[in-house]
Amino acid sequence: MSISSTELEAAGAPDNGALVAATDPRRSVWHVLLRDPSAIACLVYIGIVVLMAIFAPLIVKVSGWGPYDFDQTAIDPNLGGIPLGSFGGISADHWLGVEPQSGRDIFARIVYGARASMLIAVGATALTTVLGVVFGLLAGYFGGRTDMVISRLMEFLMAFPALIFMIAVLSALPADNRQYLLVLVISVFGWPYLARIVRAQTMSLKQREFVEAALASGASRTRLVFTEILPNLRSTILVMVTLAVPGYIGTEAGLSFLGVGVVPPTPSWGQMISSSVGWYSVVPTYFLVPGTFLALLVLSFMVLGDRVRSAVDPGGR
Amino acid sequence: MTRYLVNRVLGMLLVLFLVALFTYMVFFLLSPDPAVQICGKTCTPERIDQIRANLGLDDPFPVQFLHFLEGLFLGRDYGTGASAVHCSAPCLGYSFQSAQVVTDMIVQRLPVTAVVAIGAAVLWLLAGVIGGLLSAVREGRFTDRFITALTLGGMSVPNYVLALALQYVFVVQLQWLPFPQAVPFADDPGQWFLNFILPWTVLAIGYASSYTRLTRANVIDTLSENFVRTARAKGLRPHLVWRRHALRPALTPIVTIAGMDFAGLLGGALITETVFGINGVGKLAADSITKNDQPVIMAVTLLAAFFVVVGNMVVDLLYSAIDPRVRAGATT
Amino acid sequence: MSLLRVNDLTVKFGDVTVVDGLGFELPKGGSLGIVGESGSGKSMTSLAVMGLLPKGALCTGEISFDGIDLNTLSERRMREIRGDRIAMIFQDPLSSLNPYYTVGTQIAEAYRSHRSGVSRRAARQVAIEAMERVHIKEAGRRVDDYPHQFSGGMRQRVMIAMALSTEPELIIADEPTTALDVTVQAQILDLLAEVRRDTGAALIMITHDLAVVSEVADTVVVMRYGDVVETGSTEQIFSDPRHPYTQALLDAVPRIDDEIGDLRTLGGGS
Amino acid sequence: MTGELLLRARDLVKQFPVAGTAGLFRPARLFTAVGGVSFDLHAGETLALVGESGSGKSTTARLAARLLDVTSGTVELAGQDVTTRKGKDLAAVRRTVQVVFQDPFSSLNPRHTVERIVTAPLLYQKRDIPGGSREFTRTLLDRVGLNPDWLNRYPAQFSGGQAQRIGIARALAVGPRVLVCDEAVSALDVSVQAQIINLLRDLQAEEGFGCLFIAHDLAVVRQIATSVAVMTAGRVVEAGDRDTVFGDPQHEYTRRLLAAVPRIRPEWEAARRAKAAAR
Amino acid sequence: GSTTTGGAATGGAAVKGGTVTVLQTTDFSHLDPARGFDGGVNAFYRLVYRTLVTKAANDAADPNAMVPDLAQGLGEVSADGLTWTYKIKPGVKFDTGAAITSKDVKFGISRAWDPEIGIGAPYLRQLLATPDTYKGPYQSGENPAIETPDDTTVVFKLKAPFPEFDAVLSMPSAVPFPVGTGGGNEFINDIVASGPYDLEAFTPGSTIKLKRNPNWDAATDTERKAYPDGWNFAIGIDGATIDERLIAGQGADVNAMAGSVQTATIARLQTPQLKDRVVKAPSTCLTYVGLNTSKKNISDVRVRQAINLAVDKTTLLNATGGNQFATIASTIIPSNVSGHADYNLYPSTGDTGDVEKAKALLTEAGLPNGFTLTLDIRTRPVAQAQGEAIQQSLKRVGIDVKLNVIDAATYYETIATPSQQNDAAITGWCPDWASSASTFLPPLFDGRQITDKGNQNLAQLNDPAINTEIDRIKALTDLTEANKAWGELDQKIMELAPIVPVNVENRIYLPGSNVAGLVAPQGDQDYAIIGLKDASKG
């Protein structure tokens, strides 16, 4: 084991404050992100979507049309109810056009759809993270029988073709409270993937001497797991979370696309795409608008996750 | 090694059994009464009872599950008398809605799914490895950043959106490709290829993106390994350094991950096959879900689980075959 | 005429100079020790000679090997020298061996890449002989083993065997024994000495262990922060160190058969 | 012997299951890492365990510090049998025995500040921190020769030698009677190594703790130890007073070990010392 | 009356030969006619199966009429109306070459009693005087209600008179089968065809190929033209893709046809070339909202009338696909089903609903502030759009509609179970034959047919006056008189407002440019008269 030179330089260098700030692990991620224009762009877009979700009722008041209001004047009853005017009925009245057949305002539905999509994605991420971290920590730290049981459980859950099973189960379950069901089902099948990584990390962290040092200092096992090991998983969890959110946004949209997602008339982006499928060559905007919003959101999270990852672990990988 | 293998196979069987049990239980609890489905639109309670008795649907759960297992290993008959249908082992069930043996339904569609899956796998492996290599070689340069941007895009666009967009552009507008249909290879290899291009692309694109990233990261990692430096210090020709010392270690994990992804492909095939109307197992699953044809859904779920579990095992074995360190250790 | 002459060698990573105007000379069959604490640029120097500096390193100065300036040599010609006339042994033998190939393959590979038209079988024979030369027992059988099946000391022997297979004129060993036990270290050092006796190869031994250098080298270069602090014959450096840093370094060495008392340290404290 | 008997180990045996040999109905094969080791450690004494890699030195140290459970044998701490203590009952052991580890970076939690690291033992043992956490840390840092203002830094901001000092500071926080140093200087450059050895020597002189010093570098051991135990393959093959062991090794293995140590020619050393004296 | 407009019939007549391709999203329910029982598969059966009596070809003068098929003439009924006798035409054969005998007719019909097979049309089981213990020919042998005095004569014994028995025999469950066949799942490999085509290849869920049945003799069949040499049903194609293919008409797709186009496609059919190919055909199916009279609030007739008044049928029409895709309905019996009478009890300007009047009625019923109503809808885009439209329009009178989305697969089962049914449900009804309303009003409004499971009377209306009237009309032997009476009953029922008639859907077909003979006066296609204009094309 040789000591790398950066530490030596730190040793040789006089005590200066700049060094402290630059390597404070708590601040570095933000620091790196805020210096990266693409990360900022992603943050801005995500911020807009989040604000849209939070202030949906207010925004809709400003734009004039609610997500459920039919506008018969905006569609052509003679042509299967296609929006009047070009570009899917985009006008001063309807900023992003209207839905065929009902004339509902797409902008309002996008705004409300952000709600459903974000809520489910964030909810599922939160639940998955909690489950994944707790089980991963337990399995990784205690090993032995605990690990055996948890690992088998994970193997069992991962053996399920998650998408097929989710669709099947969701389609058979009652449609009320779909949001919660979606969160639950996604999380149940999602946590093993996080837990597996947390477990492996915990196992290698356990080998690190500071864990033994804490033990020698008299730390109890819970203390050890939660105050010594958990903080070291922070970057892993951070990266996983930034990557899980877009994953779950996609999953929610996919399930809604397949008709087992959020129940209408509540809009979600996936469901909007799903209902636009039949219209994609007639009213392309109907399909493009939610598709673009969705793809951009996923992309933003992906890029952000990428940047977070390289901020956390500059070595690459 | 033998003991390891035995342990592994036993573990696999256990997982499969649990998956079967759990799946059966879930569907047993959620399933609408198949007797009602058989009974049709105009149905009387007596007829329902009769059907139930005939098909053993009034047995308690454990008995029904045992029958299911029995069918799986020994085959079984559905119905009674001349209207009975024999379902030989491995019997995955009987679709009351379409009056067919589920095993046959799946076997019929498996070849199409195999074509879709294998084609996609070839495509994504090729694209992923080549893209990743290019990206790694040109690390930090324009090509690398361009490929990285592409992969991010590839992972962000949901595949059903992509499917429709590609179909709109290449089929509807440009008319370069036909509307995808499962043309058998034997009928017309050219058409076969043209028809499958879109499904392959759509199914492959997400995987190709993540494989590109993975390959890139692995290659960059491997290139900084000491043994690559050793190889160069030996004065090996660059192509040998690359082929033998950089690529093999970099691609080994990718091969094994590919094995797992391939095994889990049935789920991905579901959306692709549905969007393009390709009659494979994925479409069968999607259709059965809309029709609520539980025996079929369950069979497909089990089949997919089987692929995943067996795939995992094969990958493990493969890994120990190509990585000498694992081979000797034979530990999990 | 000297085998290797390094003159004003400078290695930079961007603005950071990690080797700064280094110079030394090594006669044919001679042995040179480079010592210095961690990060002083020892490895960078050796890699510069091999032409294997990592990406982003800028190397200037003269590296003249048998009259050829390696620093300006084309990569093609450099490759012909590398592994054939100059061989290198690295510090960590496990990570320096490719886990996917048998040690025999890896030794033979070095040989075959410099001898055209050598059959696999013949190269394998060379590998076995090389392994026998470094005292690996049952070489004929172990030639087909993988690196992880060898102990640390044996791996390092494999590395040496690999270096020897082409009968190089210069062997560069970068901390070849740091990862090993004292007893194994002694064996490896003996082995290197034996090999040099047999083949007449020159040696550059890089280490931070002064005692090791004193046993192996004819000439010693002491480095600190990329600079040469002092150069001289081994005897001179150890019996009459001129530079205070060298003196302090020697004072800090704990001795097995010498006085016990406070070890002198460099500049004290932190 | 210098002082009271602090640590008494008798016939320590430790077996580990060999990974991957466990069957479905069969326990794993066992590997004996330590096969019956006994020693005594007195206050003010430094007992060095030496031996090649894998000879069981660290395992012995961990058993003595009750970081591992013994397979058989006894550990007595200041006259108390602590061999089978578990959980809360271990508190006394943790107060008495502290460990300094080999890898200065791996042994410090990279996510904790120096202050948090150094006060951790007191925190974990739910003890009051005399003079408050800050002051206490400053005092400790000062004692191990570090700048007291560095208490808010993270481990990554230190050099190896400095990090090792933090590790020592942590061990000292509870005022231990026994300090176990597992290869505490092996990873350091000679000059830094010398500093740490000096520091340990000074601290021991002040505190009078007993030190179990594990190393494979015999030259280092000779500098610091008062007595030496030579281990190979999980057993002690030779033990005794430092000068006896070094001066007149009895066991073949010890002799081989000593012979293998590289040395600078004595005539050069003599010449150098003469020159230095002249200067 | 037939209101077929435009049409592939123009611009060329069908000729013999070629292969017609039919593009479908979903598979046929069953190739076994005793099990299949829906518009789609019935059209297919017509190509391969024959029955004693059948519906007249779509291009006939009266396409609703019943005409003899295997039988020499329509049934001869006894004076008491309980015995119906048919004589089989000479020279009719199965694809095996064997002659179709009365035994085969009896065997085929009896299959409907097998509990696992007979899931198709129920009328035979309801009408024939077969004992309750009978479980089909495989389990119970001979069906005592059918007699076969000789090889060409079949005699049916009924429980009660049923003047429209001819129509009952046109149902697919009356297809003859060679004695002893049709068990298990042999249908996947082969069928016993009696019609002009026979199964050539069948891959469930993806393709059905039909070839000519050499043993079918055109001379014995007045209704089927059987122009093409083969049929190719391509199954499992996405609806939008089908439309794209039909519009593009590339290669062999000129010979393709399909079911009704997607709503979205309508806008693209406005070019002259496409407009020419479009066939618009009103169906015989009514989309309606069943109001569950057994529920609180809705049990009050004024509330139901208020709902009828408040619903904005124009919005609903747009949700259904606009005026191309459906016609607003005010009556129960659609206009092209015999018995239709034109009236509107709940009029409003522009059919957007009469909010004032509805509110007044609700106030009268003691619900001035409205109430909450749960509406069952299917997880299908159209149904959801319709549900949302109803939600919007009832909001205007204070009725808060909660949409209860039920999976498409279990939807009908759920709403047909009174214990699981909610306040209201969107559903539809098609008559089994359009020659009278006897399969329209009685199943939906006969209070005595309310069952615990499989209930069709969603309104759970049990009005003695209506029940008696139904019995009276059913017994009428004069069809014209009966149809007039059905029309009057229609209005009487609507006075009670047990349902809200929403609209009658149109089918909009876009056959390939080379397809000829597509006429659909009752909405459904008649494959038996369709062919190619140029057999060598595509």
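Order as written gives the chain letters A, B, C, D and E; numbering starts at 1 within each chain.
Note that contacts are C-beta pairs under 8 Å (C-beta built on N, C-alpha and C of every residue); 3 or more make two chains touch, one makes a residue touch a chain.
Note that the structure is predicted; figures quoted are calculated from it, not measured.
**Student:** What chains touch chain B and also chain D?
**Tutor:** Touches both chain B and chain D: A, C.
**Student:** Could you see whether C-D or A-E has the larger number of C-beta contact pairs?
**Tutor:** Looking at contacts between chains, C-D has the larger number.
**Student:** How many Å are there between the centre of chain B and the centre of chain E, using C-alpha atoms for each centre?
**Tutor:** Measuring from centre to centre gives 39 Å for this pair.
**Student:** So how far apart, in whole Å, are chain D and chain E when each is placed at the average of its C-alpha atoms?
**Tutor:** Centre separation, chain D to chain E: 90 Å.
**Student:** Once you find the CA centre of chain C and the CA centre of chain E, what distance in Å lies between them?
**Tutor:** Here the centre of chain E sits 90 Å away from the centre of chain C.
**Student:** Taking the mean of the C-alpha atoms as each chain's centre, how many Å separate chain A from chain B?
**Tutor:** 24
**Student:** Going through chain E residue by residue, note those that touch at least 2 other chains and give them in order.
**Tutor:** Within chain E, the residues that touch at least two other chains are 244, 407, 409.
**Student:** Where in chain C do residues touch two or more other chains at once?
**Tutor:** In chain C, 38, 270 touch at least two other chains.
**Student:** If you look at chain D, which of its residues touch at least two other chains?
**Tutor:** In chain D, residues 147, 161-162, 189 touch at least two other chains, as defined above.
**Student:** Which residues of chain A touch chain D in their complex?
**Tutor:** Checking each residue of chain A against chain D gives 1-3, 7-8, 10-12, 15, 19-20, 23-25, 208-210, 212-220, 223, 228, 231-232, 234.
**Student:** Quick one: in the complex, what on chain E touches chain B?
**Tutor:** So the residues of chain E in touch with chain B come to 25-27, 29-30, 32, 35, 37, 114-122, 135-136, 138-139, 180, 183-185, 187-188, 203-206, 234-238, 241, 244-245, 248, 250, 407-410, 412-413, 451-454.
**Student:** Which stretch or stretches of chain A touch chain B in the complex?
**Tutor:** 152, 155-156, 158-165, 167-169, 171-173, 246, 250, 253-254, 257-260, 270, 273, 277, 280-281, 284, 287, 291, 294-296, 298-299, 302-303, 306, 316-317
**Student:** Looking at the complex, which residues from chain C come into contact with chain D?
**Tutor:** So the residues of chain C in touch with chain D come to 37-38, 152, 181-186, 189, 208-212, 214-215, 235, 238-241, 247-258, 260, 262-266, 268-270.
**Student:** Quick one: which bits of chain C touch chain B in the complex? Just the residue numbers, please.
**Tutor:** 50, 52, 79-84, 87-88, 90, 92, 95-101, 109-110, 113-114, 146, 148-149, 159, 162
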